[in-house]
Amino acid sequence: MKNTFGTAVTLTLFGESHGAGVGAVLDGMAPGISVDEDFIRHQLSLRRPQGAISTPRRETDDFRIVSGVYKGKTTGTPIAILIPNENTQSGDYPEGMVRPGHADYTAQCKYHGFQDPRGGGHFSGRVTAALVAAGAVAIAALRSNEIYIGTHIRDLAGLEDRPFDDLTVDLETLDDLTFPVLDERMAERMREEILAAAEEGDSVGGTLETAVTGMPSGVGEPWFDSVESVLSHALFGVPAVKGVEFGEGFGFSRLRGSEANDALRVENGKVRHLTNRNGGVNGGITNGMPLLFRTVIRPTPTIHRPQASINLSTMENVTQLSGGRHDPAIVHRARPVVDSVTALVLCDLLAMRFGTDYIAQI
Amino acid sequence: MKNTFGTAVTLTLFGESHGAGVGAVLDGMAPGISVDEDFIRHQLSLRRPQGAISTPRRETDDFRIVSGVYKGKTTGTPIAILIPNENTQSGDYPEGMVRPGHADYTAQCKYHGFQDPRGGGHFSGRVTAALVAAGAVAIAALRSNEIYIGTHIRDLAGLEDRPFDDLTVDLETLDDLTFPVLDERMAERMREEILAAAEEGDSVGGTLETAVTGMPSGVGEPWFDSVESVLSHALFGVPAVKGVEFGEGFGFSRLRGSEANDALRVENGKVRHLTNRNGGVNGGITNGMPLLFRTVIRPTPTIHRPQASINLSTMENVTQLSGGRHDPAIVHRARPVVDSVTALVLCDLLAMRFGTDYIAQI
Amino acid sequence: MKNTFGTAVTLTLFGESHGAGVGAVLDGMAPGISVDEDFIRHQLSLRRPQGAISTPRRETDDFRIVSGVYKGKTTGTPIAILIPNENTQSGDYPEGMVRPGHADYTAQCKYHGFQDPRGGGHFSGRVTAALVAAGAVAIAALRSNEIYIGTHIRDLAGLEDRPFDDLTVDLETLDDLTFPVLDERMAERMREEILAAAEEGDSVGGTLETAVTGMPSGVGEPWFDSVESVLSHALFGVPAVKGVEFGEGFGFSRLRGSEANDALRVENGKVRHLTNRNGGVNGGITNGMPLLFRTVIRPTPTIHRPQASINLSTMENVTQLSGGRHDPAIVHRARPVVDSVTALVLCDLLAMRFGTDYIAQI
Amino acid sequence: MKNTFGTAVTLTLFGESHGAGVGAVLDGMAPGISVDEDFIRHQLSLRRPQGAISTPRRETDDFRIVSGVYKGKTTGTPIAILIPNENTQSGDYPEGMVRPGHADYTAQCKYHGFQDPRGGGHFSGRVTAALVAAGAVAIAALRSNEIYIGTHIRDLAGLEDRPFDDLTVDLETLDDLTFPVLDERMAERMREEILAAAEEGDSVGGTLETAVTGMPSGVGEPWFDSVESVLSHALFGVPAVKGVEFGEGFGFSRLRGSEANDALRVENGKVRHLTNRNGGVNGGITNGMPLLFRTVIRPTPTIHRPQASINLSTMENVTQLSGGRHDPAIVHRARPVVDSVTALVLCDLLAMRFGTDYIAQI
């Protein structure tokens, strides 16, 4: 479905970095869910460039809800959100230029030169602004069902945040952080590392770790619509994501079965797991424990250093030196994107399992 | 779509571990592709238990192509493959038993006790036999287009195989190996490690690394049908997969942008990348370099050690001690499954890009 | 999805007329639904050739439930049903032959000669046996929710049955009829007409009219997943269906708005419509009235009369004279197929609306 | 998919009659297709109210292409088109009002009162303006491949236009007609009939007949993605459509097989059919003959006559008397909608069959 994902709840993205704007159509959200424009603005602010550690490009992200919201609540029909572009500098992007690490070359292979090349066009991270705006509606809907999502920077340039501990406390803490690192001193060191990379005209990568509390058990499907399948599908749709792992993830390769299994107990007539090494999912289906997964964000491809590249118009080798604005790190800016994708997928899975009204508690 | 994946080329799985059999329906394969039953048998043999390092359960995997093949070639209409079960020991699975690490509990949450509990029922790895049989058709179709897939055990219980080097040579080497490790001595050490775990009634996990050569550039989609999205969706459908990463994957979190970008050159009028850190995909679309990704396989959940668990019939705490047959490792057995999933996804992506006849070279 | 339809509840068909067999995979049915093999047999008997008014081909339709049913109830995982073929006479179908009205020529255009030509191969109505077997499970599930489906021959070769009257009575009556015509005398005249056509080596067409009682209101979607959209999609998948209409259908073209609108009344706190000209659907969504629609079945294309045709092997004009067995009418045999398609679509729509457990009353 | 249809080429609709606007996202159109805004305007003008035979509501349909078009050509990425609303009179729609024949009641059943009730909200025919704008892009793309679509009013209120004759001439003729009736005198009589109904505060229905020339053979799928399935699915998504038939359609019920089959001949090495009773499709796949189908448009539900209805807020019986603007006929206004739906479906089918570049002749 290319720019659409989901089954019962679907999101469709459109727009380009330097075109008229970007937008999203969110279809299938239950009716009667409160839409708080301030919360959407707050989520968008988390995605926006932040001071010295971000691109100087200023984006106001003034959005407009075109449809699907009536008297402050979702109608149940498609919610279209439009975010016009402003402050674009198309002069930065000369014809035929291929920026290593970007989709410039692959876009050419697929679209034969008809793609909008300005600022990466439709491949630009700019499009995630629309995703975040739509995701805010889903996040709020989940919260009203006491399902909470939180993401921190698990590591960045080799610096590691502390692991999640008490999720109730940690997710609340994250809510107040624009730079989502649980260990304050580590947050400072990460920021310094970003600035150091920026000074060298370079960029850094990192890993986001996401937890979700409150998901009911029995959601998801065996085989090809496993919770991991559906979440990873959507997460890998986010530019710069190159890996997704659940629970112990790649760490499972060093564990024994006796360490990898989560023991179960009955307590007060309820089932609980003593550990959560499987990230809340067994056989593709939620087991009632928090969802836990990590998403790696590759370093921003745009850097201010000379790179060996090519010009597609002249088919000549060139030394590419980006003059445009750039982010020395997008890990923290990817956080609300990952939260949004997660929320949208969970709304979809819940609607598939419990029906289209479920999330609205109707 | 639960037990179906794909768009132009789709696979539907059915069956249970101890029922009448397992099977697959492969729909949308181009007409005129030769179907070699010996090659299907070969692929199935790679998935079957291997001597001391596997379960003693003997499976002959006699399959029957019910439809979709006429005069030795695909017709273009659905190919149904049925693999009857034999040698099942249902007595091994008492009622209400929850085996930690398995889907027993989540199946209960979803199916309310109506699921077939014998040997994991529909959640059993047994179902992958049908997937491998169908995948063999796709692998052969890709080979006739000079697209080759190869997977080795990148690491197992902390032991590391050498990385891929010359892919042409390495993929050929892997073709002849039932235990797919490029470094022979390391293969021996891994086997020993598996036996050591088996003696302790335990199991080990590992990471599979897959390379694909010959994929044309320009395949895949931006955003939600990225090559990574579609591949990971299908790979996470395989039981025991808990992480998928492309190119440098989670290693990107320690790289700088200047290290993470693949430089490009024009040589003899053709574009090539000097490195392949992005695993053959930029912006979700193939760039003409080999696809490169890793899939982690968690340790087999069935172990011969006492585990804290519950009985769902009595809702009591129990010490679960598996008396059934089990695999101390399934990493090597997951190899043909991963190859099959990869082949099916690539056939689908190629059909979506170039039309339904493409793979048949009609 | 070619041979699969549905979203939450899906059906996948496979098989050929003269191959090993035909089959279906029904995925997404709720767990815990009783599966009565006698009822499946009964439904299959309605589809089977009936005495003088049908082909002399004898089909026993011995089916085998391969998966998805455990202890007589659905497990919630895929239900695979296999119906082996027997009594096939492949000699009837010489190479290159194109039978007018059949898919022989279009199959060649699409499959380039690799299709199984014997008896129409995968295009054969034989495949509907698998559809009917799967549909029986859905019909039974709906009945346990007091949703009833009934279909009669509205007209055949110009002879008209009386319209539906008291649906409760009429649907019960239809249950007992193998030749589903409400007016007994008209049933006799229709049979005579079929025999008359048969004697001339010809065949007749007809219209099936279907009613569904008990569907809750509020099911279906505006725009592209309207109840009419989804039902017609599946119905047009049945071979020989060339038209579908709801309520007054094509009769609306002669009505005025004042005649076409269904007036509403509140009675005892409940809403009801005074008429049902719109066939139970407004704006794509059920309104609580019975669903009412008609499906036209074109005359069987196989006839025993010389027809101008071509040979695709020699690319010559020929006079085609079918020597094979044939049905002078399939209208009555299409009845259980239409009922099955309807039931499967309704199970899907209900699961999408109310969740995957709904139909099982869990 | 609710408000999205298509697989390789998809359309997503959003918007409400009296909200900020309506819009469409067209995804998957090949890159490099010229987008002529004048042609979009022309198509929109065919959908707009026409003089005395239409509602006096004035719509300028000023559209804005937000994304997906660069330098006058499609980029290959999503084309978003926004049409702001103006001249809305919300006062016409009091709370709780149910207009017979509309979706007011079913929307309540599905959306529990949260739907936008003004002017039918998302159920309004106003949304088809966005569909027509997107469809214009598809129509133009098909024309560059010499695939032409034309629709006339086959009958209206019992008055019949002449049938299609020479399609090349007839489709050209239709291109110039805003009231698409081939027989000029009949066009005049139909207009009179509409005015007569309007004077009585009533409305009329009619049947649209569509022909498509130039479609290659071998497109479409057996069973559930038959050309008839996919087209009817999309056509029934259009409000007011209550029946779809192909070729002889419901007329097949009175034909014999010998009359219903289309004979074939080889002429100059090419295959052609001597008649086109099956509307260009056999076994779900195009046979190279023109596509031919009819779509019935029920009379506009809004009329200026008292109707028995209910008020959903008070749950009381009322006599509903619409004071709003209304169309005594929408048959002619539905014409560009049907053409657009047809074009979008055909672009999708062609892309699925021949790949994503096919329509762009790249």
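Details
So that you can tell them apart, the chains are marked A, B, C and D in the order they are listed, and the count of residues begins at 1 in each.
Note that a residue touches a chain if its C-beta (ideal position, glycine included) is under 8 Å from a C-beta of that chain, and two chains touch if they have at least 3 such contacts.
The structure presented is a predicted model; accordingly, all values stated were derived computationally and were not measured.
Of all residue numbers that take part in the contact between chain A and chain B, over half occur on both sides, making this a same-residue interface. Set against one another, B-C and C-D show the most C-beta pairs in contact at C-D. Look at the CA centroids: the one farthest from the centroid of chain B belongs to D. Chain geometry summary: the mean Cα position of chain A and that of chain C are 45 Å apart. Centroid to centroid, with C-alpha atoms defining each point, chain C and chain D lie 27 Å apart. A straight line joining the Cα centres of chain B and chain C is 38 Å long.
Looking at chain D, residues 1-4, 7, 13, 77, 110, 122, 222 sit in touch with two or more other chains.
Looking at the complex, you find that chain C touches chain D at residues 1-5, 13, 98, 100-103, 105-107, 109-110, 122-123, 127, 155-158, 197, 202-207, 217-226, 228-230, 232-234, 236-237, 239, 241-250, 252-266, 269, 271, 274, 278-279, 281-288, 294, 296-303, 305, 307-310, 315-317. Against chain D, in their complex, chain B makes its touches with residues 7-8, 77, 222, 352-356, 358. In the complex of the two chains, the chain D residues touching chain A come out as 1-4, 7, 10, 12-16, 19-23, 25, 27-28, 31-32, 64-68, 70, 73-80, 82, 110-112, 114-116, 121-122, 357, 362.
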